[in-house]
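Consider the two complexes below, in which chain A is the common component and chain B and chain C are the respective partners.
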Partner chain A sequence: MTAPLLEVEDLDVHFPVFRGPLRRRAGTVRAVDGVSLRVMPGETLALVGESGCGKSTLGRAVLRLQEPSGGQVRFEGQDLLHLGKRDLKAARRRMRMVFQDPHASLNPRLRAAEIIGEAFTIHGCTRAERDAGVAELLTLVGLGPDFAQRFPHEFSGGQRQRLGIARALALHPSFVVCDEPVSALDVSVQAQIVNLLMELQERLGLSYLFISHDLHLVEFIADRVAVMYLGRIVETAPAAALFAGPLHPYTRALLAASPSIDPDRRAADAVIEGELPSPLNPPSGCAFHPRCPHATDQCRAEMPPLAALATGHDVRCWHAADWMAAAPARAEALG
Partner chain B sequence: MTGFIIFLLATRRYMAIVGLGVLAVFFAAALAAPLIYSWSAATLVNLSQALAPPSLTLPLGADEMGRDMIARLVWGARVSLIVAGTSVSVALVAGLLIGGLCGYYDNRITFVTMRAMDAVISFPRILVAIMLITILGPGMASLTLAIAISSVPVFARLFRGPVLSLKTRDFVLASRSLGAGDMRLLFRHVMPNISALIIVQGSISLAEAVLIASGLSFLGLGPQPPVPEWGAMIAQSRSHLMSSPHVVLVPGIALFLLVLALNLVGDGLRDFTDPKAGRAIARPA
Partner chain C sequence: MPSTLVCASDAPAMNTADPLLEVRDLKVHFFTRDGVVRAVDGVDYSVNRAETLGIVGESGSGKTVSSLAMLRLVPPPARTMGGQVLFEGEDLLAHTPKQMAALRGRRIAMIFQNPATSLNPIYSVGAQLSEILMWHEKASRRQAEERVVELLGLVGISDPGARLRQFPHELSGGMKQRVGIARALMCNPSLVLADEPTTALDVTIQAQILELLADLQARFRMSMVLVTHDMGVVARMATRITVMYAGRVCETADAGTIFSAPQHPYTRALLDSMPRIDQSYSGSARKTLPTIAGRPPNLLNPPPGCRFHDRCPEAMPECRKMMPVETTIAPGHSVSCLRRGSTGVAA
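On to the complex of A and B.
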């Protein structure tokens, strides 16, 4: 078995909260709390969850754009969290990010060539190398070298996101965090960008950590899926297994809430009610219990572990085994 | 520059164009001063024509020492523009550095620095300048320095705000994710995005600097006689205001026009650089 490209262990990102006139520490927001995950070479791991669950923070922490407060991140065999300035800079050649908002993520004062070429300048390439690289990248993302001298405002939303992707791919990284790369785009453009990302993955052997809340998109693009709820991973499974038989009540509710044109996939569970609880003051026991239709006393008292139910299928639920057993029956009932 | 003029014409901001014209005249006069009038014409005493009223040979008359007023006016424009220009440039650079660094780095040192800036701001600017000149001694150089130092805190505070908000923008994060260092982020990504603010604030501060410079010179804290500084000219001739008003009116009106022109151009620049102003759309008359 090959070694994972990225290995995250027990990662915490906690933010202290200060309140009142004396700015006393009022508590801690556990945006990411004890998350472990791994991404294999060439694989797409999708991270799904509703807004505020900590998926973007996790994506940033993995690249050390947000300093984690604890845990371990191993990338290409090196311990990312203990790298010095120089080694971190070298590691940034290999790992990148595509941002959600293609308007906010491009400096309005720089030309396309300067935006894409920045990585080359930072990592000490010559001018000739940079110019050649920029032209190559522009062609790679389907824009063409003619666009090099334009400013971001002269591009459409989809073109801007292509620019963002070209920037992320400069100097051949192996790992890209895609933080909702298409959710700010028109539906018609979304498909083009997703296809581009998949095509590039195949051509360049990239690994993606694909953050999204669009389950249809995830089903289409992901090899494996991790579902996040309130800073923790509640279920992780190969994409096919997850969509065929979701085990965590939250995952089931998510899938049920997502509109589908497939008549075989109807809402089996009640749609979840209520709001995401405050990560400043998380519920006792299982974080999902206040919204879970199946919650028992055990759920209210104790946090369930992330337990393996099948190969590569981990669920954080006390009753996961019951759902597993009930799954074929339910499928029959529906079928 | 051409873009700016076209914008002003298209949006019918005629006052700013007038300001630009007045400014051009003053700049030309200041630049050409040594070519039209010798330094001695502006400074040598000639009591035979003391307080001469405006005439063909002396278009603006002569002052109480018999010096040609127009020569003094032109040389005075030079002094004012040099003092204001230098002090604002120095203050802009220092203010940008302090404001930029204090906005970018949020720690104990920058906190103390900004509180020190606040302490300076709490005094009237002219008072700060007087204190500095008292220490440095009067003269053109110390006047320039005093104005520069007294405006640094204003710039630092003004520039810190946008830096504070710009540094959290996605494009800065994106550059960091490529491996960019702090200096690159600050000077390549954050600073260029406040250039409009720098230009506008610079032009308006120029007006303020001209005014403070002549105010201090009026008090005798600027360049010493016989250097023709407008504020000093008003101070020296003010006892003749009733008998020969031109000796006070000439530098006074010049000062008024220059400050007004700088403010008008500053307003025009502010509208020009504001993306919400709607460039091509003319304002309803």
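On to the complex of A and C.
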């Protein structure tokens, strides 16, 4: 078996919160709390959850764009969290990011060639290498070298996101964090960008950490899915297994709540009560228990562990074995 | 909360000639420094009593502007350039500002996209909701507050008496949108315009709000216009659907037909380009979504003829020259496409 490209162990990102006139420390927001995950070469791991669940913070923390408070991140065999400045810079050639909003993430005063070429300059490439690289990347993302001298405002939303992707692919990375790369785009343009990302993955052997709240898109693009709730992973499984037989009550609620255009799936709508609790003051035991229709005293008292129920299918729920037994669809789909 | 929810689109299409609201040939243009943007350019649709009309389209399709124009709320530099908005037989575009003020919030109410910005941050929930009744129905403060408490309870807000004294910043996003819905229902309107009412919310909260809206709509037999870019939301909510593209209506039909037998090439392409939660994608080696080439046109200088022709897989030479006229192809189903039998006018 090949080694994972990225291995995250027990990662924490905690933010202190200060309140009052003396700015006393009022508590800690555990935005990411003990998260472990792996991304294999050439794989897409999707990270899904609602706003505030910590998925974007996690995506930034694995690139050290946000300094983690604890845990380990191993990328291509290196311990990222203990790299010095110089080694971290070298590692960052291999791991890049595509941002959500292509309007806000491109410097309006730089031309396309400068936006993409910056990475080449920073990593000490010659001018000739840079110019060749820029032209190649612009072609790769379907824009063409003619776009090199234009400013971001001359691009449409979809073209800007192509430019953002070209920037991320400079210097041949192996791993790209895509943080909601299509959610700011129009529906008819989204499909173009999704296809581009998948085509590039196949051609360049990229691995993606794909952060999204759109479950329909995730089912389409992901190999494996991790579902987050309030800073923790509550379920992780191969995409086919997760969509055929979600086990955690939160995953099931999320799937049911996601509006579908398939008439067959509309009848199954089930609504869960309540709202996301404050991460400053999370509930005791299982963080989902106040909204969970199946919560018991054990759920209120103790945090369940993330336990493996099938190969590659881990669930953080005290009653996961019951859901497993009661999921005929899953058994059928997986043979 | 009682949930008397029926899947809206399963209801039979209403072809009864009892429209509550009819929009005819509505035109709204923006007069910008760069020229005239024809954001809404000859739009027709109608809403029957007790039904939900879903208006879907991408950004810039004119769906929001056309619904604002109904209430005469388009801001400068936009101006309503023509058409009729017939509501219960009256042409709203011919009303005086005073008549409009008496109508807004009372007979037609609006639910806005962003609950964080559509509530006034410096007034308590009770103050801004009771003001509506005090203004429109000359109710006393006490009467108005009683009604506010009743409505807050109805939209699923716990302990409504105490919420009356709270300010918008003390409420979560979902709660704010519930207050926004209560505000719209204060005077028992016969029509509610909901412009992307759940776009700013998380998916589990969105499901709660949609259930609430469907429930209230059935209970009070209100008509609703639901403006959204999300096909999933209209699939869940709408009785009939109007699809807009670049300031014009492409297709109108009952919801079942739009999803099972769409006729306009744009409707078809839009539905095809969306990934569905569907087994057939899982496991196949190389997957691509069908896409729509290009992007929506610039309405400063829209393409001649059919506005979709340069992205349309079925375009023929006439489509470049002739603007299709909306044509009924089956009861309750109309399409603007020369390929589907629409007549064209030279444009």
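A few remarks follow.
In this text, the second predicted complex is superposed on the first by the 318 of 335 C-alpha atoms of A that agree within 3 Å, B and C clash if a C-alpha of one lies under 4 Å from a C-alpha of the other, contacts with A are read in each partner's own complex, and residues count from 1 in each chain.
The rule we apply is simple: a residue touches a chain if its C-beta (ideal position, glycine included) is under 8 Å from a C-beta of that chain, and two chains touch if they have at least 3 such contacts.
Not measured: the values here are computed from a predicted model.
Per the definitions stated earlier, placing chain B and chain C onto a shared chain A by superposition produces no clash, and the two fit side by side. Legend: residue contacts after superposition of the two complexes on their common chain; A:Asp10 is shown touching neither chain B nor chain C. By the touch criterion stated above, A:Ala239 is placed in contact with chain C alone, chain B being left untouched. After superposition on chain A, the vertex angle at the CA centre of chain A, spanning the CA centres of chain B and chain C, is 80 degrees to the nearest 10. Legend: residue contacts after superposition of the two complexes on their common chain; A:Glu154 is shown touching neither chain B nor chain C. Of the two partner chains placed by the overlay, only chain C lies in contact with A:Gln192; chain B stays clear of it. Looking at the superposition, the partner that touches the larger set of chain A residues, chain B or chain C, turns out to be C.
Judged by the touch definition given at the top, the superposed model places A:Glu219 against chain C, while chain B stays out of reach. Here the smallest spacing between CA atoms of chain B and those of chain C, following superposition, is 5 Å.
Comparing the two complexes, no residue of chain A contacts chain B in one case and chain C in the other.
Against chain A, in their complex, chain B makes its touches with residues 169-171, 173-181, 184, 189, 192-193, 195.
Residue ranges on chain A touching chain B, taken from their complex, read 60, 63, 65, 88-90, 92-93, 96-97, 99-101, 104-109, 118-119, 122-123, 164, 167, 170. Contact residues on chain A toward chain C in their complex (touch as defined above): 50-51, 156-158, 186-192, 194-195, 198-199, 202, 213, 215-217, 219-221, 239-240, 243-244, 253-263, 265-267, 269, 271-273, 275-276, 333. On the chain C side of its complex with chain A, the touching residues are 3, 5, 7, 9, 58-59, 172, 174-175, 202-208, 210-211, 229-233, 235-236, 256, 259-260, 269-271, 273-279, 281-283, 286-292, 295-296.
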